[in-house]
Amino acid sequence: MNQLGIVKRNIVRADKAAVERLSKLGVATIHEAMGRVGLMKPYMRPVYSGAKICGTAVTILLQPGDNWMMHVAAEQLQAGDVAVAACTTDNEDGFFGDLLATSFQARGAKGLIIDGGVRDVADLEKMGFPVFSKAINSKGTIKATLGSVNIQIVCAGAIVNPGDVVIADVVVVPAAIAAQVADAAEHRESFEGEKRAKLAAGVLGLDMYKMREPLEKAGLKYID
Amino acid sequence: MNQLGIVKRNIVRADKAAVERLSKLGVATIHEAMGRVGLMKPYMRPVYSGAKICGTAVTILLQPGDNWMMHVAAEQLQAGDVAVAACTTDNEDGFFGDLLATSFQARGAKGLIIDGGVRDVADLEKMGFPVFSKAINSKGTIKATLGSVNIQIVCAGAIVNPGDVVIADVVVVPAAIAAQVADAAEHRESFEGEKRAKLAAGVLGLDMYKMREPLEKAGLKYID
Amino acid sequence: MNQLGIVKRNIVRADKAAVERLSKLGVATIHEAMGRVGLMKPYMRPVYSGAKICGTAVTILLQPGDNWMMHVAAEQLQAGDVAVAACTTDNEDGFFGDLLATSFQARGAKGLIIDGGVRDVADLEKMGFPVFSKAINSKGTIKATLGSVNIQIVCAGAIVNPGDVVIADVVVVPAAIAAQVADAAEHRESFEGEKRAKLAAGVLGLDMYKMREPLEKAGLKYID
Amino acid sequence: MNQLGIVKRNIVRADKAAVERLSKLGVATIHEAMGRVGLMKPYMRPVYSGAKICGTAVTILLQPGDNWMMHVAAEQLQAGDVAVAACTTDNEDGFFGDLLATSFQARGAKGLIIDGGVRDVADLEKMGFPVFSKAINSKGTIKATLGSVNIQIVCAGAIVNPGDVVIADVVVVPAAIAAQVADAAEHRESFEGEKRAKLAAGVLGLDMYKMREPLEKAGLKYID
Amino acid sequence: MNQLGIVKRNIVRADKAAVERLSKLGVATIHEAMGRVGLMKPYMRPVYSGAKICGTAVTILLQPGDNWMMHVAAEQLQAGDVAVAACTTDNEDGFFGDLLATSFQARGAKGLIIDGGVRDVADLEKMGFPVFSKAINSKGTIKATLGSVNIQIVCAGAIVNPGDVVIADVVVVPAAIAAQVADAAEHRESFEGEKRAKLAAGVLGLDMYKMREPLEKAGLKYID
Amino acid sequence: MNQLGIVKRNIVRADKAAVERLSKLGVATIHEAMGRVGLMKPYMRPVYSGAKICGTAVTILLQPGDNWMMHVAAEQLQAGDVAVAACTTDNEDGFFGDLLATSFQARGAKGLIIDGGVRDVADLEKMGFPVFSKAINSKGTIKATLGSVNIQIVCAGAIVNPGDVVIADVVVVPAAIAAQVADAAEHRESFEGEKRAKLAAGVLGLDMYKMREPLEKAGLKYID
């Protein structure tokens, strides 16, 4: 029954074509296309301006003040993967810095999403290794206690299974429905241009979305 | 007695000349000129670096997870206005994104100040539509419950009445005293250059402000 | 027994050569070299992107809503010093702005580290006066109550004595061991290049750090 | 235009009979009766278990770390009043303790609601002087800077005007509509007993409130 | 792929005997017996002193400011169940009060665990209906948007599946391993008495757990 | 230079008579008597209602998620001591429970003050072992990494040296000045009764403290 001390080697990654399609869509659009679920909490922020991530999750469960599992996870990373790390408790230590980033990048990883802290942020920017985290913190960690790699985790309030697509700032798309979500999101996106043009031309959302009647029914009153 | 479900159409906006003058002054100076009141809480931050806003408030009271009133507010916005949105409870959902920004911009609005979350931040920056908010969040909202437009609201701890001048990062100047505050702030500003020159030349504030005597009276002791 | 109302004029600053050496090292490396102690809490962030600070501390203990001691501290600042300010209680008022920055810069100060708020951030960036703070806040302060200058303070969870080296984002190195810490940090740094090259070439940390055996002993299980 | 340094002596207090009626109603009921507005933020908590407050507001605007206005306010308190205190900035210092409580109680005040800290909590409980606050904090304050008494304030996110009814945990009822709100709240309350009895007997809200049809229309699906 | 708008009627509840056994064990012991996983975040607190809950989960996913699904969930509750509610976003509104508690209690529910706010706390205590929540808040909610009942949720950082055992303050035991966890926890508990007796007699943990040698190996130094 | 891995055995405890005197005084009074310094942050709260602590500090520096040093500290505790624990980073794990409390109590310790989490709170109350903490958390810890015992620590923002007097809710009195602080605090206390009597009789603080003139000088205006 123990969830700790486990590394799952063979995971089913989301379809590469679906990942590629999702990488071109906005996070808000994907989230809407999934029925408004799957988002991490908004405290997850890029460690440098302009950072973007899309890929398949290799999940990591860390212990507080301990980044041993980061090294174990490196071996499980493949080209196109994103490391997604949670901790067994709230902890903002700097679990990850430029050396691990070098290793992850050499494995083909496309970034890190971590419900904790990272350090060496200026180096990460120089390397072009994007990270979304809860904190920036130079506090170092030890390597003493087992967590797990590629088990189901909760990261910043969202359930992440290994192989799921993660797109930062950060939505999680279950691997099994990645293509279906890409379809729905592209469909939504296809109408956005037309809507934007109308709104830019001065058409009101009140009219475009036919809201005047439901607003009146709900009791909205205009006064002068 | 109900404050919800109301849209006030005719509001008294602050004098345009006063708004123009205030837009050239620093927020700290304006706040000092008002006697150190009128600031929103410091968690209100620009969603992109360098964002600036100054204009007359159209106020919006939102319900949690619901941005219906944003669409109602769009119709009330005039050139030079700033949308100022609060919520009936703490909620960091993404109430506002690029489509609404397109609509607000088409109406001539100069920006949004919201005690909540916004999304599509990269698009907002590209469009040049400045926003100050509590959070950045891709979480979408519904359109189901009435709030109000152009009633008195509390936004990030500050009272905002429709027509007030709001200058981000964020001070609220009541419409009725906008010119008077501009006078006082310009007066303060007129002395800043001289003070800055003296301080840059190495004169100490201790001497420039004649603080040595009051400090001694208060009991300050120098030890070696 | 009173810690308030005191200004210590003669303080022992860390050796200049050691400060110079520490300024070239990463904060994470210095922190590791000290045995993983001495860091301020991660909420301390630069007020503009790219800000860096290294110098010897002149410490300031402020009262809430009161920046009188900033002016007293200005006189104690020498070339190469960093002002390090704490408050007797949690308070995010804007204790510091462009005028004080002008004065501090004229004294040769290299920056400010403050467990509180600062204002006029755009001006600070233009001036090139780096600040690390807890908050950005236009809220002004008064000059009415005594704090102290150059006493031992707790700033963002770290003990700072006058003369200590502070390197932002932010580690505190006691003056007496500055050279010793620089030695240890440079020693650590000298191995980093080799490690980085190996990891970039695809060598795993698991092998480079010989972790496979201890992981197995700790009970790590690989499953498929 | 300055809001600071003012004491308003003659304020219009809500009708005593309405206050009496409101004191017997639940806060949630009153808040519903007002259309779901008027609540302070939920971080406002009683400093001792079982504390209850209902009365007419004497408002106090404090400066950070300074409780001078508490003494000024004491003189304005009449039997049946509740002191309601906000601060010009977030500050959790201990603005109020057993001596001030003794004075307020001698004036006939029924309690204190403060968006800040209080101290001597064990004594307050012994005295039976109820307080709702943001924090419990032994940190003392000074008496050096002017705030105001009986101006409009924002306390824990709610607008409070002098004379309004405040009922903790904490709803604010504008003085002018106190009787009208009491009517509406009593009306709501009158149905609660019947509803409670039905629910206790096992009737489901789904049936009692006729929710099954709207739920089905909204698309709710039952699966096995 | 939509997770919203679903009610699962038939769920597999954990074995009643296992639930009964777990109800007699401490939360810390159960958590240790599961390998130190399964805890909700520590901000989940009882709304009245002494509240205790143990039962099988009926899960509820709420929308912000909306408690419609509470009524839907009531019908799914059976004797011995505990309602466990999360929200699609952070929201501390008062989703639950004395009327819903009356209904839940009539259904045989043993309590509520909610990552949000509740109201009418004094009534809940009188009724003996225990609740663990993130906040106490009189703020009411509407009934307009679909969430779900008996889907997998994340509540205060912990994954909860319908039928799991929840023991407050709050650990989640997956239904499938409830008996196994009860075994392990009882086994741990059986040694506690002996340990406690030794420690009470003055034996040091250093000796009882044989820590002196590993501490020395780790480098611990005693100085005088 | 390393502060970790150290246990100091011989510490200079504050004078027992002074500790005894301080135990009878209020925390606010002691804090005022020291010149308004020495308080821990107000998030430190008793884990059960009515808990009180006064004694000499044995300090403990913990690592996140690790309570090994608690066992090392037990051996250093003497009758009349209070364990005061900080962590090298923010961490709310449950470092302490009923077994450690049994051991500490057997050593004569009078309580625990910890900038972290504790568990088994119901047991602690039954045993009468008072604890002030940042959090209540059943999350367990490991025993793998060295911290230190009886070094200078920062606990909840306050510097604590071994041997200092700590009085909860929580002020730290340096050992060397304990008697002097007791003198000053008793002196303050001796006037409180008289003041309280006057205030209870309806004398205003405005008159008792002669504030009317300084208020007028500061510019206070009474309006009707």
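The first chain written gets the first letter, and so on, giving A, B, C, D, E and F; residue counts start at 1 in each chain.
To be clear about the criterion, a contact is a pair of C-beta atoms (placed from the backbone, for glycine too) under 8 Å apart; a residue touches a chain by one contact, two chains touch by 3 or more.
Keep in mind that this is a model prediction, so the values were computed, not measured.
Q: Which number of steps is the smallest that gets you from subunit A over to subunit D via touching chains?
A: Graph distance in the chain contact network comes out at 2.
Q: From the C-alpha centre of subunit B to that of subunit E, how far is it in Å?
A: A distance of 42 Å separates the two centres.
Q: If you average the CA atoms of subunit B and of subunit D, how far apart do the two points sit, in angstrom?
A: 27
Q: Can you pull out the residues of subunit A that are in contact with at least two other chains?
A: Residue numbers touching two or more other chains: 36, 49, 88, 90, 92, 139, 145.
Q: Given which chains touch which, is the overall layout a line, a ring, a star, complete, or other?
A: other
Q: Could you run through all the chain pairs that touch each other?
A: Applying the touch criterion to every chain pair yields A-B, A-C, A-E, A-F, B-C, B-D, B-E, C-D, C-F, D-E, D-F, E-F.
Q: Where on subunit C is subunit A touching in the complex?
A: 26-28, 31-32, 36, 39, 42, 45, 49, 169, 171, 192, 195-196, 199-202, 204-206, 209, 211, 215, 218-224
Q: Quick check on the complex: what are the subunit C residues that touch subunit B?
A: Touch list, subunit C to subunit B: 5-10, 49, 68, 70-72, 74-75, 92, 94, 97-100, 102-103, 105-107, 117, 119-120, 123, 135-140, 143, 145-146.
Q: Subunit A touches which residues of subunit F in the complex?
A: Per the stated touch rule, the residues are 63-66, 88-93, 139, 142, 144-145.
Q: Spell out the residues on subunit B that touch subunit D in their complex, using ranges where they run on.
A: 1-4, 34-37, 41, 88, 90, 152, 154, 157-159, 174, 177, 180-181, 184
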